[in-house]
Structure formats: C-alpha cells, structure tokens
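Labels A, B, C and D are assigned to the chains in the order they are written; within every chain, residues are numbered from 1.
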Amino acid sequence: MKADAAADVKMNTFGTHIRFTSFGESHGPAVGGVIDGFPAGRTIGMDFVRQQVQQRQPHADFSTPRHESDQITWLSGLKFIDDTSAITLGTPIAFYISNNDVRPLDYTTTPRPGHADMTYLLKYGIQPTGGGRASARETVTRVVAGAMCEQLLQEKGIRIFAYTHAIGNIKADDNYNNLNLNTIYDNATRCPDADTDSKMLQLLTQIKAQKDSIGGIVKIIVKGMPAGVGEPIFHRLPALLAHAILTINACKGFDYGSGFEAVEKTGSELNDPILPDWQTMPLQAPHTMTNNAGGCLGGITTGNDIVCRAVFKPTPTIGGEGRHDVCVVPRAVSVVKAMTALTLADVLL
Amino acid sequence: MKADAAADVKMNTFGTHIRFTSFGESHGPAVGGVIDGFPAGRTIGMDFVRQQVQQRQPHADFSTPRHESDQITWLSGLKFIDDTSAITLGTPIAFYISNNDVRPLDYTTTPRPGHADMTYLLKYGIQPTGGGRASARETVTRVVAGAMCEQLLQEKGIRIFAYTHAIGNIKADDNYNNLNLNTIYDNATRCPDADTDSKMLQLLTQIKAQKDSIGGIVKIIVKGMPAGVGEPIFHRLPALLAHAILTINACKGFDYGSGFEAVEKTGSELNDPILPDWQTMPLQAPHTMTNNAGGCLGGITTGNDIVCRAVFKPTPTIGGEGRHDVCVVPRAVSVVKAMTALTLADVLL
Amino acid sequence: MKADAAADVKMNTFGTHIRFTSFGESHGPAVGGVIDGFPAGRTIGMDFVRQQVQQRQPHADFSTPRHESDQITWLSGLKFIDDTSAITLGTPIAFYISNNDVRPLDYTTTPRPGHADMTYLLKYGIQPTGGGRASARETVTRVVAGAMCEQLLQEKGIRIFAYTHAIGNIKADDNYNNLNLNTIYDNATRCPDADTDSKMLQLLTQIKAQKDSIGGIVKIIVKGMPAGVGEPIFHRLPALLAHAILTINACKGFDYGSGFEAVEKTGSELNDPILPDWQTMPLQAPHTMTNNAGGCLGGITTGNDIVCRAVFKPTPTIGGEGRHDVCVVPRAVSVVKAMTALTLADVLL
Amino acid sequence: MKADAAADVKMNTFGTHIRFTSFGESHGPAVGGVIDGFPAGRTIGMDFVRQQVQQRQPHADFSTPRHESDQITWLSGLKFIDDTSAITLGTPIAFYISNNDVRPLDYTTTPRPGHADMTYLLKYGIQPTGGGRASARETVTRVVAGAMCEQLLQEKGIRIFAYTHAIGNIKADDNYNNLNLNTIYDNATRCPDADTDSKMLQLLTQIKAQKDSIGGIVKIIVKGMPAGVGEPIFHRLPALLAHAILTINACKGFDYGSGFEAVEKTGSELNDPILPDWQTMPLQAPHTMTNNAGGCLGGITTGNDIVCRAVFKPTPTIGGEGRHDVCVVPRAVSVVKAMTALTLADVLL
C-alpha cells in the first residue's frame, strides 16, 4: 500500500448550476448522490425515476448476473405527496441505494487487466475489491439524477433518445429518421429496430459462447433543444457533452454531427444552409435546412436535433472471471441518456 | 439585435489549478490571456514560446492570407532576465497580441453558413464581423499559454506530439512508431512522413483549385506521463482531454486508445496484460505490455503513451468568400498540442 | 407560493480541495453530507467524531429541549476496522443522521421575525416548517465533517480552539494566554474560565427567566499553522475564514488580530517585529515577535497563532414560542471549530 | 530563494457569474484585469469608470505621493461608440493600466514588518520590491471592474454608498440616515459630514506630524436591493460580502446589521417585525419595520438596506520609509464600493 502517496480524489461532482455529487463503492453499504441546484416547487414523477433505474438493470442473459433491487431511499430535498410524486424544496436532494448482492469489502492485491484496479492502486494505494468506485454499480446513481433532470427537460419540450447503434459489426440504419425511437426499450439490445436487434442478439450469443466480450456504439438524439444555448470557447456544448459521456466506464470516444466521417468530406458537402426566416422563427425549431453540424455551431445550439455518438470497448472481464456483461452497450444507453440529461439541464438553468 | 435577451458569457477560463483566461475578438484591438496558478521561480524560454506561435502561423498557400506578426506584449507575472528568458513570479501572467491585419469592428447582420455567426446572434444579439471570439484568431492565445505549460511538462520529462494523421482520404501509417515524430514541422502539412505529406499537398492543391475545403485528423501522442495521474468518475483524464480538444474550432470528435475501432473488437483482443513488476517499477514507465487502452484505465494513466485522435471538419468558408484555410488541420496541430499541454499541466499540479 | 419564480439553490458545497456538500431539512427524514477529496489511507478515530457531535448537543437548561441521539450512518468512503476506527478509501465519504424528534414536514405560511422563513419564502416560494435548511439542525453535519478534517490537522500538529469569549456583557480575559484552553468543555458555557462561566450562567438564568435571549462572542485560536499558507488577493486566508464563519446561523461579524480594536490604534503600536532568523526557522513556528496581525499578513500565515472572533446575535425565537436556545454561543463553538477545520484542511491540501 | 518549494497561486479570480481576474505587480509594466460574464448589449458610460478611478487616486497630503495617471487601455469585449460610451459584446472585457511612477522591478530581500513581504517570500520564494501583488496599486483594477458592475446595478435601481465612518477615535453619526450620502466625495476624508471631516483631517495632520499612521472604519449602505436574493447555507450573502471586503489590503474585520454590538443585546431588542403586507409588496422594498438585521436574514435579502462595516488597520509603513498613506481609509472606500458592486452583480446575475 502506497497510502501516503495517496492523492486526493476531489472530483465526484458533475455540473455547474445543477450539481450532482455521487458516492459509494461497488461492495460498500450503498451508492447514492446529492443533486444540488434543482429548482424549487417542481413536481417529480417517481414512477419515471423508477422506470429509468429499472431500464438500466441487467435484463437479459448477456448481462451480469449480479442482482440488485435498486430501491431508492430519499433523504432530503423533497416533500412527498404520495408514493408516486414529490415536490422539490429547492434544497439538496439526497438519496441512496443499498448494495445487497455484495461481497465483503476487502482490498484488491492482484489487479485485473483492462480494469482500473492497477491505476487506482497506483494513485490511492488502496483499492477495494470489486472495483470500488470504478464499477458499473456507481452508474445507477447517475441514472437517478438523470431521471430527475430529464423531467425538467421534458417540461420544456426537450426529449433525449439514446440507443444501441452498433454492436460489433452489426449496425442500425445510419439515418435515425428511419428508426422508431419510441421502441428502444422494446428490444433487449436497446436497438430500436427489431431486425437489427435480432442480429445483435445472435452475435451476443456467439460471443458469450466464446467466453469473450464485444464493443459497440450508442447514438444520442436530442429533440427540441432551443437555439442559442451553450457557451463559446472553453465550454462549448459539444465539449461538455464529450466530457460527460467520456466519464462513463468503457467509453473510448465521442463525436457529433458529421463526426469522424467529416475527415473525407469537403466544405461544400457539409455546410448547412441557414433558413431564410432564422431571425423570426421560434428558438425551439431547426434553424438550418440540413444538419451535418449535429445541432451545434461554434458550441451553441442551432435548434436542430443534437446528434452524437459514443463508442464503448468490450468489457475487459472475460473468460469466466467475475460477474459481467458480454457487451456493456445495452445497459450503457441508460447511463448515456442520464449524463446527457444532466449536461443539458445544467446549461439550460 | 436581441441585446436584452442576451445571456452572460462566463466561461472563457480553462483549467482548475493552472487557469487560463482568454480574451479578444478577431477584429478588435488585441487578443490575449491571463495564466493563473503558474508556479513561481521557473525559468521560461521565450524563444520556445515564439517558435510555437510561429508554427501556428499561416505558412503555405493552403493557409489564410491574413497576416499577423503575432508580437507578444507581456504585462505581468514575469521578471525578464533578457529577451530570451524570464522568471515566473507565481503571480498571474498576462499578455496580449495586437491585431494588425484587421477590418473595422462592425456588427454582423448576415450570418455565414457553417460558422458560429447565427448561433452567436441568437445567444448574444450582437456579433462582431469576422467571427468575433469564434474565430481561429483566438487560438493564438492558447498557443502562448500552451507553450508556457509545455515547458513545465518538459521539466518532468513529458513530451507532447500532435501531428496531421489524415487529410481527406490520405492517411499516415496507423502505427505512430513507424513515424519520426521529430519531423512534424519539417513538412508543410505537419504530417511527419515526407511521402504522405506530398500526397496531402497534392490533394490540398486540387481542393483549393475547386474553391472547396477538406477535413482531417490530428493524432496526439504523449510520452513520459507518469502512471497514477487523473481523477476517477466525473473528471477522468480522457474526459478532460476530450473536453479540451473539442473546444477547438471545427473539431467534431475525439477518441483515445482503440477508440472508434473498438466497436468491432472483442475483449480478448483489446485487454493489455499488466507487467509483472508493475508495483515496483518507476511511475514514469509503461505498466502494461500492450497499449490498446491508449494510456488510461478508469480515467487514470498507466505510464504508457497517451494516444488520442481529433477529427476536424472542412472549413465552412468556401467559394472565394473571406480569407480562410483550405484545410485547418495543419494549423490546428499547434492548438491541439497547446490544449493538451494546458490539460496535462493542470492535472499534474 | 411563488414556486415558479423560485431560483436555483446551487451552493450547498463548501471548499475547493476538500469539498463538503451538506443536505437535509430540520424536520425531514435526515441531515447528512458528502466529504469529497479526503486523502486515502488515513485512519479516522470514530470516538473523536462522536465526541465532537456530542459536544454540540443541547447540554444545559439554557439549550433547546429538542432531543436527537445524532447516530451517524456511514454510507461510503470508509473501510471500518472496528467500531472505533476506519480507513479512508480516498473516495467520497457519505453519511447521514436520521431526524427523530421531528414534527410532520409541512409548509410555513406565517414567517417568524428574525428567522429566515420570510426570505426563504420570497426566494423559493416554498419553506418547510421548522426552518428547513435554515435551522441549527443542519449544523450537526458540519461538525461531523469538521471532526474528520480536524484529524488531518492534528496529524500535522495543528490544534484549533474555539470557545465562548463573551455572553452579553460578561467577558473572559482578552488575553487567551491567561486561559487554560484545555478546559473549554469542562464548563457548560464553553468558556475556559470557571469564574466567568459562573457569571455567564447567572446571566443566562436571568435572561431565561425574562423569556428573552442574548448574544455573544466566540474566539478562535489556531496553534501550529505553518507559515506561508494561504492565497493572496481574492482568497486570502482571513477572507476564507470570514466566509466560513459567517455561514453559521446568527453570526453577524468576524474579525482577526487587532480586529475592530485596530480603529483607534496607530501603526507604531500594531506592527509586529519580524524575528531575525525568520528565513531559517522551521515554518511551523512564530515568525514575528508580537502577534497583532492575528497570524496572517497579506492573507498568508506567519506561523504565529491565528486569532479570530465571531459575534452571534441573540436567538430570534423568544417569549416561549418554539424550542430554542437562550444563547446560541455555547453550541456555536462546536460549529465554529468545525468550519475552521474545514477551511484550514482545504487550504493545506 | 525557496523557488522550488513555491506553491501555485491560482486564485486571482473573484466571482462566479461575473468573474473578475486581476493581474499585475506594483512595479511591473502594468496592472489590469479581465471581466468575464458581463451581459451583452449594455451601454457603459466611460466617464463614470474614469470618475471612480479618479476618486481612488491620492488626493490629499495624507495620501501617498506616488503619482499615476491611471489611463485605462481597453483590449477587448467592447465596441466603442465614442470616447464616453461603449457597448458590451458579451465577451471578456480586458483592460490594463500602465504603471508609470515605478522603480526597477527587483527582488525583496529584507521584508518590512506589517507588510506581506515575509509571508510572500515564505510562500513563493520570490517577492518583487514594492510589494508586488500585495500592494495598494493592485486595487485600481478592482475599481475599474467595480465601476462596470455598478452600472449594471444602477440599471436595476440599486445604489451602493461606502464612506469613512471612523478614523481613530473620530466617528460620524452611527445613524447613517442623519448623513447626506451624496456628499461623500465632497470631503477629503470621504466622510459625508463636514464637521466630522474637519476633525478627522486635524487628527490626520497630527498623526502625520508624528510620522505614524492610524486605522479606521468604512461603512457600506446598499439601497434598492430586492428581497429574496442570496444563497442559503455556505454562500449566504453576508458571507460573500465578508469574503469580498476582507480581500482588501489592511482590512481586519467585517460585520453587518447589529454586528459586534449584538453581543450585549437581547432578542427582544433586535427582532425586526415583518411588515403585514410582505407577501404582496414589490420585492424592491423594505419587508421589515426595523432593520437590525442589516438587510439579510438567513443569508438572503429582506429588501431593507444592506448595512455593513469594515475595519482597517493603520498602514504598516511608518517613520518616513517608503511612499504611503497616513490612513488608508479615505482611499479604501473606493475599493470597498468596488468589491461590493462585484459581489452584488455576481449574485444578481
């Protein structure tokens, strides 16, 4: 143990106006969080929060067998009307979720390849077994906070869709307008296309049989964002989104609009003509004819859909060791949506 | 003008420990910045700063014809020994660079497609001609600040390389170990391979003749980063780098390690075996046998090279309007390096 | 209810390197907090934490009759060795304390004079009964966090003393060197002088009989602070301490060193001669012969004792309404010490 | 020189929404600053800014003989209409003021008692002669930034008055309603009462003859603040104001409302009755009958005048060494007003 070389861990808080602080280790007593800056007097639907948490749970035989009921205990910031709705007091909203399916909290000595064990040990000198903070378990707290923020966005007519675009070499239609985004959670892979979902499931079965794991891509579509939102220079909206998404375990990259496809494109192909009545139209409407920009110019929204992609590496746990997902992508979509909601609520307040 | 609806612009500061605040409009009196948190008593080589600034200047006929001498005036924070070196006082280091080749500062009324004119107008109600803050002109201040930070990193044996990996469909070898990274600035395209540079130049000539523009990819390699650096959860090092790089004009995406290639890979292909003596080796050495991770696990460095990519869209200005670059990538490499240096110096302090 | 005019409440976090986020309403389910940035691998004595919490509890018949057992539930960040000690993991330390002696959480309609009810209603449109966040109940969470930080300071040989200097017109010796600071908690008023304590108790009995309340002064002495600590300009150490102390309910002012007495003093009376061997002595020693400065010059410590005062107004609740303290000062000393510990641990990390 | 032990100086920025970063050493090329977050499209009166700067200049024979013309050079963020007015662009507003009456920038070796020389040397290992950043010279930049922010407040009907309440044992009427606050700058001492001003001048003449210096008190009155402004808990408005004011050189204490007088008062004397129509009256009006609270309850404004005091120690430079003020208070009033304006504009945005 290099405990004395251990540096500080100061940064478990996300956001500026709505600030989410998360806590909890994978095999400790609980995971939880505090949401600060949430406006007062809003009615929160608790069924929606529970639904979002449930959607993130392992739900198919390619998911981890760890089972958690994910019961949320609310400690502050809310006055409950009944079991399904509560009013925000404008004060910090604190909650926790007990960890039930845990092993005794012990120290890791042999780091697993591809995991954060080694780097945590090098940084802190101490690392609990089961990944501690660097475990997918932590992300359930983000889903709770995201579900709160998403309700603020819904009030303003903003809808976030995150779905499985690719698993291995199986990909959905590149044009999301050809997909029915209301069917995302109808399919086990969270791909809103039944055929692609079937093919992905076949691939996952095969990968599982090989005791291996596989990567994939989550696509994010935000509809209804008003134009003119975002900060220029050092805190452009796409930079904030990239930051948010790359905080998710196993995420290896982010792009938006034409993204990595832009490399072989010319300016004449990508420029989006500005609509002639841009000055007089409502802010909450597309201001350009096409949307190669992915909804942002100069870091500020155009009123068009925000379109991003996030790539996830295969789970490093393979070959039968530990409890794990064959592919993290179907569960990551919930976390991607939550981080998107946290980011957008933060910049809109 | 929607001036009264104009929101605040609060976020022209980057970093936590070393904080860089930039200012200045493209056609205003000057651009400049303040670097706060820079350690006291360090000797800064001024020739290095000037060299970095010069490397960013338009330098070939595919670059903008706007000519600026980029003379830096230092206002505070330094005690100059002579023209080539200065000692830091530990106080804010302020500087500015006068804009010479300017047009009268006026208001934009007709936004250009693909630029930030429209979104700035929607946000602030006012936008100066020439792009104001949303102009490549602003990035020279980042290069100055980056050149200061890079010297802090060099003291610690850390070296940053940013180079042109691709322009359109012309790409350098994917394995950067096959390139001589000391030759980046020998070539006009900033690609450290003479053959690829020639092909890229041919493509740029052809695109210029078409009065069009083209995209590309910058690759970033950081050597000598000690293991154990970075914050977990919400401020992982790759998330901070993504944030930093996506603040650069025209950047549309970021990935690291296996990145977007990870999607079709399996866990067994990507896991990097941990070196048996990881616990006893010096922090400033690779701790894994291979480096699919791109130098970070769980957001914290492994001691291996940090390997990232940033994709840039084609310049939106085309068809002869305005002064512009046919491809921003050769000049963007300087800015990418600067933002990387700012990010790494910030997390290392 | 002006709920829609309700602004955000974003700032329940204190500190930069060690960041304490507090939550909980006076009559909600619980109060609690998250301590982020606490170094890994430190052994925390839990008896010390419990002792600090106990010292803040109502303990005499001039204190509120509300009774809380103040049992702490730890949710994360610690690996317990046994009931009396735990090792920090370097991760966020979350805890809560259930509220037991509560009334049903309802909305306030008639604001009480001298309390925050009216201003909270104006700001949030909603205010729970019992003061919500603006209740002394919230301060128990600060005492828990302060007790953690104080142990970090003790490791470095830094000791914080906060004591009752004055209640009404009864004052202890101005020269704290004439007091035995180890006897603070021997006396019900927290004044470390038995005679003064007796006189204060007499006054409190009399004030209580009048169904009134009375103000007082807490004095803070920090011994063992190394010289050279603090930030200049906008975050001078005395400014941070003033900020910290003035966040405590009922505090109306702060001064340090000669403080408000300085107004009638001349420079020749107040200048502290610098010790001739200041350059070679250990940092953790007084660097000036006298200490009119109160331990800070230019916002940075001199190695001499830090000496501050905080004044508290009489409790606004009088005349038999509600449960309250006749004088908040004896209980405020615990909170003042905690806020001082949080501030100093933050600047020392 | 302990240069390598030198810590970072990260904190030359004040504020959250309107963020002011200051730079410059007393005998360096210039002092200046960057104001970020200032709203776009506002017309700024430049004569007002110049007047504020002029009011801070040495103006009587008890002030330092150092003479600076304090000519402001604006670098960004403004579009000038003519010499007397400019429009804000919503981008960072950068400016500098050259230092003219300077001595060569050299290193301090013998620290002066009562000054920050020793503590800066202990912290940074390097300290320039003339106080570097820890000089009154730095405060001119705050006056410029404050004059910008004060214009935002004036637009909203908020007026800030700061004046000399006491110098040594000469004090103005405790009730500021008996003073004509529009006459502050008619008198050399900045006390808005001609008789008291005369007596103060006599005292200053006498102290100057003794080659000594003397302390004093600045009083701050803010009229027109709407009720319901401020954050609860850790960022109460009085805590922010205390923080702001205690960043000013030589300030040793801050209180508000009944302040240090509260110690001998009872609850029955200090409680301010709430006006019966508080719920329906305009926010920008007093909500309580009396104002012992000093305009804030629970950290949030009541609509009554904000009333604070700041105490300043005598200048440490005495006995003929160096150029200095016999009493800093008459010049400090400008800086106190500026810091108040920065704080209030920040919380109101």
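By our rule, a residue touches a chain if its C-beta (ideal position, glycine included) is under 8 Å from a C-beta of that chain, and two chains touch if they have at least 3 such contacts.
Note that the structure is a prediction, hence the values are computed from the model and not measured.
Annotation of chain A and chain C: not jointly contacted by any chain, touch as defined at the top.
Shared contact partners of chain B and chain D, listed by label: none present.
Greatest Cα centroid separation from chain A: this falls to D. A separation of 45 Å divides the Cα centre of chain B from that of chain C. Chain geometry summary: the mean Cα position of chain A and that of chain B are 27 Å apart. Within chain A, the positions touching two or more other chains are listed as 7, 9-13, 22, 123, 133. Contact annotation for chain pairs lists A-B, A-C, B-D, C-D, with touch applied as defined.
The part of chain A that touches chain C in the complex is made up of residues 1, 3-4, 6-13, 16-19, 21-25, 28-32, 34, 36-42, 74-77, 79, 87, 89-94, 96, 105, 107, 123-126, 128, 132-133, 349. Those residues of chain C lying in contact with chain D across their complex are 7, 9-14, 22, 111, 113-116, 118-123, 133-134, 138, 166, 168-169, 207, 210, 212-217, 227-236, 238-240, 242-244, 246-247, 249, 252-260, 262-274, 278-279, 283, 287-288, 293-294, 296-302, 311-319.
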